[in-house]
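One chain, chain A, appears in both complexes that follow, with chain B as partner in the first and chain C in the second.
And then the complex of A and B:
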């Protein structure tokens, strides 16, 4: 120790001297400042999140609602098949019926003052084109209604729906509105008769895509996402975990494994569109697999999630303390037994957490799927991994691009559905970690 | 726990090699192509799926150029059956097609689309000549005060509309439009920019002497940030110009008709002609200057193999779709004239092959 330091240590510190106090104040101030900056950073991030979520929920919540109009439908026997027919025959005959005519007649009965071709078309356009399918369902389910007059709640068109929801400024000049004054008068009459209702639209959850905002649903996209993720999981999980176990437990440490390691880390940072191009070139080009199929999407996304899974699985395996391995070896276990009886089971919670987070990322991807044709208008709900399908983020992208105004709320509503699944998956990852993770 | 984990690992063990991905028989019609035609093609596809015994066609928006590339890739289930285009197929594309064995192509014209220039209701109103658009948006323009020609061009110096034409407001030029992959952009360049370019004597002379040079000079858009490529998403352009009253958007008429309550459209005039608003009638009769035709192309080799292609094409030009109160018109499609409709019906019914001259 030098003389100098001894002198300092020997000095009695006068904690009340102005000099020391000033220094202390300064230190407290910087400490406070740092905390304040840190807190405001968190607050800003929180505010952004609240704003974003608030905006999506504000826009999207009406997307789950739908306007219906109650119409007195006269099931005119002269237009409909004989209700005494066999069920199957009746259904077959129904397929040929012009239900639009039935609908038009019912609406004209309600508004006897409407005449002329243009006005009649305007009047029927107040109802969704899905109203025909609704009538068909009612008739096929219960042929006995033929010949009677029933009150039926039918879906309103998206333009009527937007007015009822207050998204259209009806004080604008007529030529700037999709819904003209005549239709507003009819709508007001329906409203005054208590024939307009705005209620939860289960179809939005259960149907596939459509071009009519009031007929769209996310179910096709949810099933497509599910099938795609299943393929991704079944491919990426075994390959990823096996690679991680080999690299961590068995591989010799040499130049080759170093290169592999660097490349895995680099792959994790490759933009996702590149994997899409790879999928296009290999799965579609070389293997000749079908466009738009979840199997191709799943395999492409598996390439994307593999690095994430390998990296997290390696971290989880490396976190198992060496004492476990040493103890197993000491009792005569082979390398294989050490790995599969002890290390991997103990690392499994960490591996699964990493896998689920990788899957959640795959669920949110749309760019790589663009290349392999999953960004498409597909109405039918897929039934298997070879059927054409789309996924939730792509569905959101497609709706965001549609000209009809009503799609804005549908887009936000679909984002809410996607967020629900993402939060559920991340919640599951947290639960797995809490439930099974061991601390050493 | 140990056993459970092992069971999970074993269950998930099958490698992708074991997956059954034998290509299945294709029974959906596959449509690719223009994002301008996409709203119409999807509406027709859904109606077709609902009312015919065939499956609903699958429609992808790839852009006209991208769609034709896929379409011309070959014959067979891995290549689309129908491509829709917001411009006519080019000779070079037909050559690629035939090189890949796609020789018999049926061309059906389905309607028109107007390209509109629109801005938010708060923006100052403008009446634009094609010449103004050329001067505002071209990469190179004639030296001010001259008539152009090869030696008389400068990098576009104009930054405000009033510098181009004293009748225009004194606001900065800021135009949001589609990227070069878009058929809308091709058509806009060919009709508006080139049309304005031709009004200069020197450029007109160049067209006679060196057409390819003329096309290169008169179809290029400035890249100094005043023309903003806003992506293929026309809705995004609508939202951006509504939020920014200084900007003008370029997009298809269907987006204007859906957003007429929040947008104003600008009147356009072609070399001395009247200033016209992009209305349904003005586009339909061809008097609105910036309008183009929309097409469908189908492979003859696929007709009869993939069920329903011919019926699907007919759906587009059917009375209920393109008639006076058709559902495609509701979505902003401008229908063909009676004579053109007849020609299209003839092409669809008799599968008349494409002939480019």
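And then the complex of A and C:
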């Protein structure tokens, strides 16, 4: 001990002197401050999340709703096929009918004061281009309406829809609005007659993509995502579990398995877009598979999720206590029987949890799918893994690029659908973990 | 008929082989199964593997190389005039032929191409039938081999387990095969790129404009492939992201491991997990739709000119995205510091803050630094946020208020939409991908080394 320290130790410290107290107060204040900063960091993360989700929900909730306008449609027999025809013949004849004319006539009957070509077009454009398909459906289902006049709820165009939802500032000067004053007057007249309704839009869930925001739906993308994930699951799960079993139960500890391990950890950190490049070069370039097909997307995502599944499956297998293995071996089981009859079934809840989490990540992934052409505009709902398809996140990406104001809420609504599936999958993983996972 | 039909056929054959051989093994010993070396079902398993593997091998060979073989046959069969006139664009020609073959005649009028497409379909159909027959033949041979082996002494279980062992090992080597595949495909395409564009131009060039002439005789801007502005943009955005995510993530980890009670932790942990689970396309939409206009308006109020696709907006949102990443890795690093060190410091009278800053953080520094490096690597490779919220125009600047573009944005821009597989433009995307892969790999390896080298052995 040096003299200096001895001097300090010999000093009598007055712990109650103002100087020491002030220093202590300062130190405690710093501590409090530090703690407050730490808390605000956590709070900031929470606020970001609330702001993000709040924003999405606020924008997206109206996306599930759609404005319809009730129109008195005169099913003019002179424009329509003979209702006494056979069903099939009637439907075939319907395909040639100019329903736009029928619609225009009905609207002009309602607004006799409208005249002139430009105004008539404006008036009919208040309805969606899907209104014709609605009329066709009604007629094909029930040809008997020909010759009568019926009240029909028809989809409004996206611009009318946006005004009804209050997303458009109608106090703006007329030239800055898509919907001009004339249309607003007509819309007000419809509203005053109780002919405008804003209700749940089931088409958004059941339809495929479209160029018109009021006609789009997420079903095509949901099916595409489902098929893609199916391919991913069928390839990544068996291979991932098999390699986890090998690495945990059978692999000799040598340089080669070391390399495999390091390699798997590195693969998990490779940017997802690089897997897309591999998919493009190998599946499309070498194997010549079709662009935009769920099978290619699924295989690419399988490469991406494989490391995740291997890592979590290894953790689950390693968590099975050695006593289980010893007991099985003692009863004469071969090492394969030990692995497949005892270790893997016990590790299964953990493996499944990891797999579901990996699948959830694959569901949200879009960058590698852009590389292999899943960004095409596809109206039809895919029927199999070889059909062109898109997936939910890519659909969101595509809609986010669309210029129409109405696509903002459609994009946000699609995000809500995607988040719903993610929450469901993660919830399932948590449930599995809590229900089946054992502590040894 | 498609490849999946063949797969189903082989699988069915394997199931049948299982049932038949299992029965046969029972019959061989006239029901006294205790005299068999292996249980009947192992004879069945063995037989089904013997049927499955040869059939699948044939199918895999066809799936990987079938279209290439057919394409080469088609090219060889084309009239010399067409093949010669298109010598440099053979891939384009093949693509056109395949388009006709898959989607009908469409707008093509060239007789030769139509004929070639028809030939393509015919040859491909023949190829599939041949594959089906060959794989069924291979399966049948496997079956005969296995069926001949069924005797009481046959060691079916060890044989089956040996094959299974091989299959398990094979699947774990697949992870290596993926890495090799990534490296090989990136290097292969990049080499072709560097044959056309010198390496030093790519690495040191400051001008990126990948527009090349579509035809040789076309007068168009010569492409410039200098990747410096792209990497500058990438690092600028990653840097902004780290300014957001670094402090918030680390402080959150400190608060959650050192101060927070169980109640706070139970709320904060799921919040961070949800933040980590939100798909990047959602962050991208959020950045483009909400944050970028917000910054732009704020800029107008403060008299600053903020671009509508500013690096700042993309960087901040990317920062939010990697907060959970930094915080969970730093959390692990802090938790790895032995409790005794912390208790010792507290016992000597240090306040918790002093303990954290002077004892815990230095002890956990390698782990924390490595978590930051991994976060940077993640920010560099992140795609959707920048594709949706950052700019398209290469811009060599350090000003976060301007629009910059990144490596990943350019890869997406180069490879989405119609492209030919061999143009310099398309190949440049692979060169960028290689550069991206190497950069992130360096960061990852460096992060791992940091922990390995400086980890203190406390026990």
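Quick note on the criterion: the second predicted complex is superposed on the first by the 398 of 440 C-alpha atoms of A that agree within 3 Å, B and C clash if a C-alpha of one lies under 4 Å from a C-alpha of the other, contacts with A are read in each partner's own complex, and residues count from 1 in each chain.
Following the convention adopted for this analysis, a residue touches a chain if its C-beta (ideal position, glycine included) is under 8 Å from a C-beta of that chain, and two chains touch if they have at least 3 such contacts.
No experiment lies behind these values; they were computed from the predicted model shown.
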Clash-or-fit label for the pair chain B, chain C on chain A: clash
Contacts of A:239 with chain B and chain C, given as first, second, both or neither: both
Between chain B and chain C, more extensive residue contact with chain A: C
Partner chain(s) touched by A:331 [first = chain B, second = chain C, both, neither]: neither
Partner chain(s) touched by A:375 [first = chain B, second = chain C, both, neither]: both
Touching partner for A:271 - first (chain B), second (chain C), both, neither: second
Touching partner for A:39 - first (chain B), second (chain C), both, neither: second
Which of chain B and chain C A:282 touches, first, second, both or neither: second
Touched partner set for A:290, first chain B, second chain C, both or neither: both
Partner chain(s) touched by A:415 [first = chain B, second = chain C, both, neither]: second
Of the stretches 128-136, 290-298 or 362-370 belonging to chain C, the one that collides with chain B: 290-298
Set of chain A residues, in rising order, touched by both chain B and chain C: 238-239, 287-288, 290, 373, 375, 385-386, 400
Touching residues (chain side chain A, partner chain C) in the complex: 27-28, 30-31, 33-35, 37-42, 44-46, 48-49, 52, 55-56, 59, 238-240, 242-247, 250-251, 259-260, 263-267, 269-275, 277-278, 280-282, 285-288, 290, 303, 306-307, 310, 334-336, 360-361, 363-367, 370-371, 373, 375, 385-386, 393-394, 396-397, 400, 408, 411-412, 415, 418-419, 422, 426
Of all residues in chain C, those that touch chain A in their complex: 2, 4, 63-64, 66-68, 71, 98, 102, 157-158, 161, 164-165, 167-169, 171-176, 178-179, 181-182, 185-186, 188-189, 247-252, 254-256, 258-260, 264, 267-268, 271-272, 274-275, 277-286, 288-290, 320, 323-324, 327, 351-354, 356-357, 374, 377-378, 380-384, 387-388, 408, 411-412, 415-416, 421, 429-430, 433, 436-437, 440-441, 444-445, 448
Residues on chain A engaged by chain B in the complex (per definition of touch): 117-118, 121, 125, 129, 133, 168-169, 172, 175-178, 210-212, 231, 233-235, 237-239, 241, 284, 287-293, 295, 299, 302, 340-341, 344-345, 348, 373, 375-380, 385-386, 388, 400-405, 436
Residue numbers on chain B that touch chain A, as the complex places them: 1-2, 5-6, 9, 12-16, 19, 21, 23-24, 26, 28, 30, 35, 38-39, 41-43, 45-46, 49-50, 55-56, 58-61, 77-78, 232-236, 254-255, 258-261, 325, 327, 330-332
